[in-house]
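Right after this note come the structures.
In what comes next, subunit A is part of two complexes: it sits with subunit B in the first one and with subunit C in the second one.
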Partner chain A sequence: MSHSARRLRYVLKRLIQALPIVLAIVIMNFFLLQMAEGDAVDVLAGEAGSATPEYMAELRAKFGLDQPLPVQLAVYLKNVLTFDLGYSFRHEMPVSQLILDRMIPTMLLMVSTIMLAVGFGVLLGLIAATGLNTWRDTAISIFALITYATPLFWVGLMLIVVFSLNLGWFPTSGMENLTMFYEGWDRVIDIAHHLVLPTITLSLFYLALYTRLMRASMLEQYGQDYVTTARAKGVTERRIIFVHVLRNALLPVVTMAGVQVGALIGGSVIVESVFAWPGLGMLAFEALFARDLNLLLGIFLLSALLVVAVNLVVDIIYSSLDPRIEVG
Partner chain B sequence: MHSFWKRFARNRQALFGLAILGCILIMAATAHLFFPTDPFSLAGQSMSPPGQNGFLLGSDSLGRDVAAGIAHGAKTSLLIGLVATLVAVLIGVIMGALAGYYGGIVDDLLMRTTEMFQTIPSFVFAILLVAIMKPSIESIVIAIAVVSWPAVARLVRGEFLSLRNREFVQACHTIGMSDVRIMLGEILPNCLSPIIVIGSLMVATAILIESGLAFLGLGDPNIMSWGFQVGAGRTLLRSAWWVCTFPGIAILLTVLAINLVGEGLNDALNPRLRERS
Partner chain C sequence: MRHLCKFALAAVAMSAALASGAAMAQKAGGNLVFIVQPEPPSLAGYLSTSGPIGLVAPKIYEGLFDYDNDLKIAPALAESYDVSDDGKTVTFKLQQGVTWHDGEPFTSADVEFTVMEVLKKVHPRGPNSFREVTSIDTPDEYTAVFNLAKAAPYMLSALSAYESPMVPKHLLEGQDPRNAELGNNPVGTGPFKFVEWKKGQYIRLEKNENYWKEGLPYLDRIVGRFIPDASTRTAAMESGEVMYGAFGAIPNIDAVRLRDTDGFSVTTEGYATINPMALIEFDTTEPPFDNPALRKAISYALDRQFLIDNIWFGYGKPATSALSSTFAGPGLYKDPMPNYVPTADIEEAIKLLDEAGITPDENGVRAKAVLDLIPYGEDWRRAGEYMKQALVPIGIELELRYEDVPTWLKRVYHNYDFAMNVNYFYQLADPVLGVHRHYGTDQIRQGTHFVNSTRYPNPKLDELLVAGAQEPDAAKRGEIYGEIQSILAEDMPVLNLFEMEFLTVYNDKLKGIDVSGLGAYGSFAEAWIDD
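Let's look at the complex of A and B:
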């Protein structure tokens, strides 16, 4: 069988493997949210202050909340298949629309975080590994240990205290300065300016992870036979590090970046709520307290799908980076 | 035991961690002696900076003593971290042992379940669970355990897979030992060290999750915790930086200490790994 056909079969196999997991997540979330006391109608009625039982029953019928559970689940599953994630009673908008609106800020935050964390992690790991047991190595290791143990929300607040309140370098919250009506490049710069502190906060934890991983990975590759061979051929030490070792050492870092996407979504809930960043994490948190079932189900389904998709993509990248990995 | 302690004591970082952890344990144990009143109660002038009006670490907008909150919060963090980890290890060991020992369809089923739990963004899942069950010590422990067990299950499964065909296990089969006895009495003791290591590191993660939940307002409303203190001090950032700062340092030190001890345990219990690096 040709290589590309094998690759295609591998992708299909992984897709089919992922399906039951996604389905199980949908069903489980549905039942979990059913377990919660009170539904959206209770919340709406509570906010209105005066809702007659008749009106509440009418609302329930309108939203289909009076149907038996299996019917509600079946309806939900059917809707998910057609990418109809239902209607948010709270925001009076389709869930898919709400999620799409909030998706871009979260994506922005996550992409910049991954780039910063992987970039600096690789760099710091490289510096630590090439200066093994020197002061650079020790300093980087201590830095990684400490950031690994720091709660994200606390880092965020401390950065606000230092860089926003005292130094005034960065804004305290939000994604852009809406009162200024920036357009074009001014708006891009404004958003980037707001993005700095949330990105640093969210990336610190992962930075520690990637630094340690990169260092260990470099050290492991250093001990391999091909390094000895290269050295015997007279290849310079610099070339060994940057051309031979670095490429091989990067592989575990790539995989890790994929595995961590789920954790990154969790971290973004915290960071988005600290910096009032208008993304999915904030939306999930708002939905939770409004008991907006459809919206929560949508967000959870999406984040699970995202994790599955990213892992799949990483597996494929991984197998093309390293042809030794069997795809069959 | 003696040689274990010698290997552990050789690691200065681990000893340092153990010392910090000891101080925090003493602080938690003596909290009611030094701060006998309820940490939620008004203790004096509100918004006092550290060192003034008899407040070592200042007070918040309601006149609550930050230092008292930290001392009492230590109990909460350590308790939740420990209990949640124990529950998670228990679930993980059961799932991993069954999957690794029996293999086949049991393994497939349990590992698919594990994979599903690993796919769900765990912190978001914990938020969801606590919100559904209403915030309380029990619901927080359950939520943390539910999102933490898959790692243990995978580890234990791997260990059981590699041990189940060893000669000593086959010998047990021959003399007619029951499966449960082989699993608990023969295989499990042989994979205790990695379980202890992963468990100790999980306590640190559990404390971080707990503080995150409490920060978002999902802590037990009747119990003082560090995350709650930071969350409550958020709005005072401009005027009273100390309310957020000190509880955060407490979380940082505790988690750091536990991580150092965990890594020390890893080095001491898995000497083969140590020689390699």
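Let's look at the complex of A and C:
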């Protein structure tokens, strides 16, 4: 069997294995969310100021909340199997459309964050490991410790105070300039401009993780026999680091990044809240307080699917980085 | 003698404003970005009185009336009105030449449809505001005659764009207003047209070029922005990205700082039609708060001024009665009532408890209770922490509970599983609209939010409430409400804490936002930016 056919079979097998997992996640989420007191109608009626019990009963009937739980679950499962995530009665919109609208801002923030965090983390980890116990190493370690230990919302607010209020370099929040409503390339630049502070805030936290991980991983690889062998062969130190050690040291970083991509897709409530970034995290957060269960279940389902997919991708990247790891 | 009222035409009022000083010459053009927080569930102001809807919808829809800062009626879609002697016929003359944003003309048929088919049926407060309306005649396109079963003087206080928006009959007829497309794509007669709603980001409105008020609005565009974090809202205000934030969008702690900063102003105007009152509701059916003496003792032991000064940064007025002192305007508020003190009187509180035979146990505890706190922000939590301490000297031991909104609503208004609940109510522009719901026996409606959760029954009071709603004579009405206030001060099923003052923070470049008593719920037709 050829290599690519084996890989394809492996992917298919993994996908089939994922089905019952995803189904179990959906069912568990469904019952978990039912345990919260109050429902969407309570929230809507509470916000409206007052509403008659008849009106609330009507709303419950309209939302299908008057049905027994197993019926509600069956209806939901049936919808999910036909790729219909249901309707958000709070937003008066299909759940899939709500999620899609938030996907682009979420992806923008997450992809730039991961790239920045992994890129700089690997770089800093590398610098720290190659200059072990020098001032470079100490400075980077202290930097990583501080950024890791500082609460995200505080970092975000301080960046706003310094770079938006005092220096006026970046907007405080949002994704677009709402007095101008730019079009075309101006809009792209405007969005990028708005993206800077949230990306830096969110990546500072992950940057620390990757720096520490990369440093430790590099040091571990240094002690391996193959490094000694390479040195004995007379390979230059530079070549040892960049060709041999770096490649192996990246494995745990990739593992970590894979785990985090899944989590990051769910959004970051804190950064989205501080920077008023229209991501999935805030959507989920607000849906929880509004008891908008269809929407929440939709977001959870999406996250579950992404985690499954990302894990699969990571396993495939492993086999490229380290040919000893085989799929199958 | 018929009571007749004619308004000055809007154009006249406008030219007066223009004449008031060349330095204030309004400039047309410009974009206003203001804070809308939280994001509204829809833009159907005819279905929900939810605060954030009120910030946006009245720029798109209009009511029959507007109100000034003294709650006096100003013309909007109704050019004039006329109330018959017996108060049972109210005739509105409508503005001519008004069109909906889709080009259809606005006529008396829209008024009839809005009140009879929408507000009376699906609006949360509409069935109450328009309860006496039996039918509406439309003798011609610009006349709407409301036929009432009984006089309903309070109805004229409930006709603003926020409380009773006029909606297009041609877009709602034959549909269930609750499901109609109009909720997310509003079409009104107001100064601004709906353009776009980016969920999680903003709502964008553009100038209505065909607005019936000549020369208005000044602004080209209004954008309502959603910013979840309070500190970021303040930063956005400081950086000039947003120019207006009302209903405490900028927390008091930052508002007082901005007030003292050049370029920003803070006002408490624009909340007269809402009249918010902070209060405590008691479960009057079960011990310990079935005993009025305990409720009154708490009223004496709490230092209202301390709460205002330290938690709300000086914004607020100690409550002195079941009614807000703003009702002194229409002559309904009676002088300060007994059992209401601005600063704590511990001795009096202890005296009351001793007389009622509520004695301390060996630990000095006379009563224990859980205090539920309205989950609308940190201020209420601080208030709860203060109360817990403040009631220790009179031997009342409190445990604080702070839940999320749905859980709290269910607990208080559905399960009645509470003893003492800190809350706030909008008393609105008339006690019939905002206060009656808290006390009437007919308002003990399990499962309905913000009504009589104390389950306090008093047949005598019920009679007075009915009489107060129907009395057309202002002086007699004042006497009835005086009596109501005396009874409530004595029984105190609800303990009013203080008349809240919400803060509006705005950039000094923004002008013309103070012309309507509706404040942030106003149309912003006359708002303009002075660069």
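Odds and ends about this structure:
Operating definition for what follows: the second predicted complex is superposed on the first by the 309 of 328 C-alpha atoms of A that agree within 3 Å, B and C clash if a C-alpha of one lies under 4 Å from a C-alpha of the other, contacts with A are read in each partner's own complex, and residues count from 1 in each chain.
Criterion: a contact is a pair of C-beta atoms (placed from the backbone, for glycine too) under 8 Å apart; a residue touches a chain by one contact, two chains touch by 3 or more.
Model, not experiment: these values are computed from the prediction.
Once the two complexes are laid over each other on the shared chain, residue contacts for A:286 go to subunit C alone; subunit B is not touched.
Look at A:275: by the touch rule set out above, it reaches subunit C but stays clear of subunit B.
In the superposition on chain A, A:131 contacts neither subunit B nor subunit C.
Once chain A of one complex is fitted onto chain A of the other, the partner contacts of A:252 are absent, as it touches neither subunit B nor subunit C. By the touch criterion stated above, A:94 is placed in contact with neither subunit B nor subunit C. By the document's definition of touching, of the two partners only subunit C reaches A:55; subunit B does not. When the two structures are aligned on the shared chain, A:165 is found in touch with subunit B and with subunit C. Note: residues 36-37, 153, 157, 160-161, 165, 273-274, 289 of subunit A belong to the subunit B contact set and to the subunit C contact set alike, using the contact criterion stated above. Residues 36-39, 42-53, 55-56, 59, 62, 90-93, 98, 101-102, 105, 153, 157, 160-161, 164-165, 168, 171-176, 178-179, 181, 272-276, 278-279, 282-283, 286, 289-291 of subunit A are the ones that touch subunit C when the two sit in their complex. Within the complex formed with subunit A, the subunit C residues making contact are 31, 33, 38-39, 41-42, 47-51, 122, 124-125, 127, 178-179, 183-184, 198-202, 204, 221, 223, 225-229, 231-232, 235-236, 238-239, 241, 403-407, 409-411, 414, 426, 437, 445-451. Of all residues in subunit B, those touching subunit A in their complex are 112-113, 115-116, 118-124, 126-129, 131-132, 134, 204, 208, 211-212, 215-216, 227, 230-231, 234, 237-238, 241, 244-245, 248, 251-252, 255-256, 259-260, 277. By the touch rule above, subunit A contacts subunit B in their complex via residues 20-21, 24-25, 28-29, 32-33, 35-37, 145-146, 148-154, 157-158, 160-161, 165, 216, 219, 262-263, 265-267, 269-270, 273-274, 284-285, 288-289, 296, 300, 303-304, 307-308, 311.
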